[in-house]
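Here's the structure we're looking at; comments come further down.
As written, the chains take the letters A, B and C, and residue 1 is the first residue of each chain.
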Amino acid sequence: MRILLVEDTHDVGEAIARRFEATGHAVDWETNGRDAAEIIDFTEYALIILDVMLPGMDGFEILKRIRKSGNAVPVLILTARSEIDDRVGALDLGADDYLVKPFDFRELEARARVLMRRHTGGEATNLIKCGDIAVDRGTRSVHVGKREVQLKRRELTLLEVLVGRPGRVFSKDELLDQIFGFDEAANANAIELYIGRLRKKLEGAKAHIVTVRGLGYQLVPGDAP
Amino acid sequence: MIRICFALLVAGFTAAQALAAESNKTLFPAVQPDAGTLTIYSTTDLVAIKPLIEDFQKSSPDVSIDYNEYLTNELNALASEACRKQEPLGDLLLSSSVDQLLKLANDGCAAAHTSPETLRVAEWANWRDEVFGFTYEPAVFVYNRSKVPPAEVPRTHVELADLLRERLDYYRGRVGTYDIRLSGIGYLLAFNDARQTTTVFGRLLESMARASAVARCCTGEILEEVAKGNLYIGYNMLGSYAYDAAQRHPELGVVVPRDYTLVLSRGALIPKGAQRADLGARFLDYLLSERGQSVARTNAFYFTESGELPPGVDGPQNLKESGVAQPIRIGPALLAVQDRAQRQRFIEDWSQSLIELNSPAWTRE
Amino acid sequence: MRPEALQHGPSLFGRLARRISFVLFIGAALLVSAAWYYAETAANKAYDRLLVGAALQMAESLSVEDGILTARLPTSAFELLGLADRDRIFYRVIDTHGQTLTGYDDLKTPTPLERAQDPLSVEEGVYKGEPVRIAHATRILADPAVSGRAYVIVAQTNEARLALTRELTLRATILVFIMSLLAFAGAMLAIRYALQPVEQLGTEVRGRDPHDLTPVTVDVPRELDPFVSSINHFMGRLNERVDLLQRFIADAAHQIRTPLTALTAQIDLLGTGKLDKAGRQHFNRVKERTSELSRLTNQLLSHAMVIHRADSVQLEPISLVDVARRAYRVAIPVTVDPDIVISFEAPDDRPLVLGDAVSLREAIVNVIDNALRHGTDQRLEVRVRASGTQAFVEVEDDGPGIPPESWEKATQRFATSKSREGSSGLGFAIAQEVANAHGGTLSFRARDERGFTVVLSLPLYRGVAK
């Protein structure tokens, strides 16, 4: 996917670009704010990674321009600034996420992935429920009762599958296909791992995942133990 | 005919004191254990003061009272001398001659005393809280009912003067009054008579002189003689004594003059530096108190400032309301009365008018 | 910026009141003294007339009868003197030969009569140990029998004079007192009125938001202008300082973070592929140290930021749930260990607190971050709840927790127990700083079977959100 990186510090820009290129993305790297702003006007990106302090035009200005023109491209802001004088945060200006420098590069990569997937997924905001478990596909948040539980991407996908058709028994293979797709190599043990984690994270919920021996797993909304 | 009562001409004070102390001393011992002796020097007759002293001892049973009675001039002489020597005379002085007490106070011989009782005293009867008037005694006429026919009873000073002039022969030698040379009260009353209206006093004095009025030292003597019928009329008698005598001798009549009536208030004074000034003050308070005044009214002095005249006294219904009462104010004006030149000449004038006119009678005796 | 309890000096009003009452007191004392003097003079004049009148009357009463000088002292003279009803009266009449005719033989005028210039005189004197006023009148007799000067001396004690003097003085004193009171009350009102602008200025300055460093604009009398401009000058300087500090922190943030980011970027680029075992060990150590440095830098800057914001940012009603959720998102990295159960629980209503969202977020982020790094084993729960007048953000983890004896130390900068190696220790300090700036507290709840909890409590805001 095509990513625009706007970062004037060479060392940093290089590292980011390399990381994303290594995972098969095309990275356009700009060091000047004004140039970047122009490029955005006529190029479509899957993600824009934007530094705040830039020569030419600062990151917030660019962000404002993007949003003003109605462009919904996910924007991840990198900031070295202290929020000491920030009356308005990056998120308020329409950024989808932000990271404060110095950051962990794996974290940057992970967040970027989340943003890109969310964007391409393009799912409408909808809520699916099973018993006291609610999954918001839009915000990708999961509630157990009042409690909002943090789930990893695959755990969430797994839960979505199960919640989507409560009561139905999914086989391990079925779930493998749904979660990892065909291109990723994974085995049935991975499913057991995820089911285990999911159970742990849904602890306290009335709805629960039941193991049907030899067949697979099902989500039961009821009050059975 | 004039007979002067030369009772005691003060020749030497010490001698007089010694003599008086023996003859006129009365002791009222305390009923209860003695808290002290109150020494009173007084001109008031023992009979008059006795009920008061006895009543006082009911409320203060621990006080003995040494009561010494003198004539006014004697008392004055003793007190002046004592004051000059700074040896206070007794603890309380009572005198009908308030002018003398006033002079003593003016000379600094009195101690001031204030108490709730002294506040009750009329303003005219209190000087400097040192001299207090504790009685109310009109100067009255007395007459013998059997000798003076009712129609002739004089009710004013002028009537008296006229009566003596009209019935000169009948009343010759039958009118008695104080000898002002001997009696302080006599002098005080005469002086004030003179101040009232000189014409009336002049006429009266002249009439009395012509009627060969007799002068006596003391009220008692005149009253006695009037009661006996030796004298027919007594002039300027102290109301209290007169009324007291009238009660004992029904033939005595008492007249409170209707033109003006001099009112004398017996004075009380606590000598400065008195040994038992506290007891003196106690007795003084008693005299001025409601109780003391009431006892005085019933037993000794009979007349009061605001009340009616005692029964049987001929006079205006109420002295104060009728306006005839002329209280002799206890104040500095009395100093004029006490002025020695004044006194000397007044007495000379008086003697000339009253006595020298009668010198034939004087020589006759 | 909150001042220590101000030492109150004497108030301007008190000082003026004291001075004025002092002046009034002196004035009143002078007036009363003057009143006494005048009253005494007046009383003396009044009673001296009586005295002289009496003396003249007595002198007038002298006459020669039969060749002898006689005195018929008129009672009216005594009555005249008797108008001073408590005073003792002494008199003496001296004939042409200097012999006492009547009265008190030892009464003398202070100035011997032979030397007296005037036929009449009034003097102060003492008689019988009493202070008296002594008057004398002279009568010149030209009778063939008696000729020469006869004298009348009249003395009177001073009681009536003193009484009159006292009464007059008392009345004057009452008047002076009333006037002084009125003057004092008037002066106090005037001072109050005059000091009103000072009060207003005080109220304005006091009522100001501590973060408002704009110039004071109150209408004050000319006299206060220097004061106001000093305040404004001071405010201006303070504002500059605040700005400067802000710029400094912002610059420092940028200037440190950028190279630090570059450093981490380079380490990231380096990778581990080409390294032998020892090299990998060194590489990992460098990586660890760099991330520690990053974290410390962030915390230091964060700390500076919250301190600065506490002084310069106005508090607003904000939803604690929103702030906490945002902090929760920021603090939990996407790359967190998937085996940890992490949850966020918020109440149905949205408790509001008066606060600075950025600082509060920073505080909560630090608490969560701390829990994540040092506490959490399998579970981390963030809860927002409200109860009574307080709102709480609770961060609970299933780790070993901090023993109660170390709680106090935990909130101190860089003070961490040895067991929590590697902690930079500023997290709790920041959170506590923020809590205090918001009128709240940071506390710990001892570990129970569920876990150890850090509680940030803040007073609930009762108004309506903007």
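Observations
We adopt the following convention: a contact is a pair of C-beta atoms (placed from the backbone, for glycine too) under 8 Å apart; a residue touches a chain by one contact, two chains touch by 3 or more.
Which chain is which protein? Per UniProt: A = Two-component system response regulator TctD; B = Iron(III) transport system substrate-binding protein; C = histidine kinase.
Just so it is clear, the model here is predicted, and its values are computed rather than measured.
With chains reduced to the mean position of their C-alpha atoms, the one farthest from subunit B is A. Chain pairs A-C and B-C differ in how many C-beta pairs they share in contact, with the greater number at A-C. Computed from the mean C-alpha positions, the centre of subunit A lies at a distance of 135 Å from the centre of subunit B. One simple way to say how far apart two chains are is to compare their mean CA positions; for subunit A and subunit C (histidine kinase) this gives 61 Å.
In terms of their C-alpha centroids, the spacing between subunit B and subunit C (histidine kinase) amounts to 78 Å.
Shared interface positions of subunit A, defined as residues touching 2 or more other chains, are absent.
Those residues of subunit A that touch subunit C (histidine kinase) in the shared complex are 9-12, 14-16, 18-19, 53, 78, 80-86, 89, 91, 100-107, 110-111, 114, 144, 146-150, 152, 155, 197, 200-201, 203. Across the interface of their complex, subunit A is touched by residues 246, 249-250, 252-254, 257-258, 260-266, 268-269, 290-291, 294, 297-298, 301-302, 304-305, 308-309, 325-326, 332-336, 338-339, 341-348, 358, 362, 378, 381 of subunit C (histidine kinase). By the touch criterion given at the top, residues 70-75, 77-79, 81-82, 85-91, 93, 101-103, 128-130 of subunit C (histidine kinase) touch subunit B in their complex.
On subunit B, the positions that touch subunit C (histidine kinase) within their shared complex are 105-108, 127-128, 195, 331-337, 339-342, 345.
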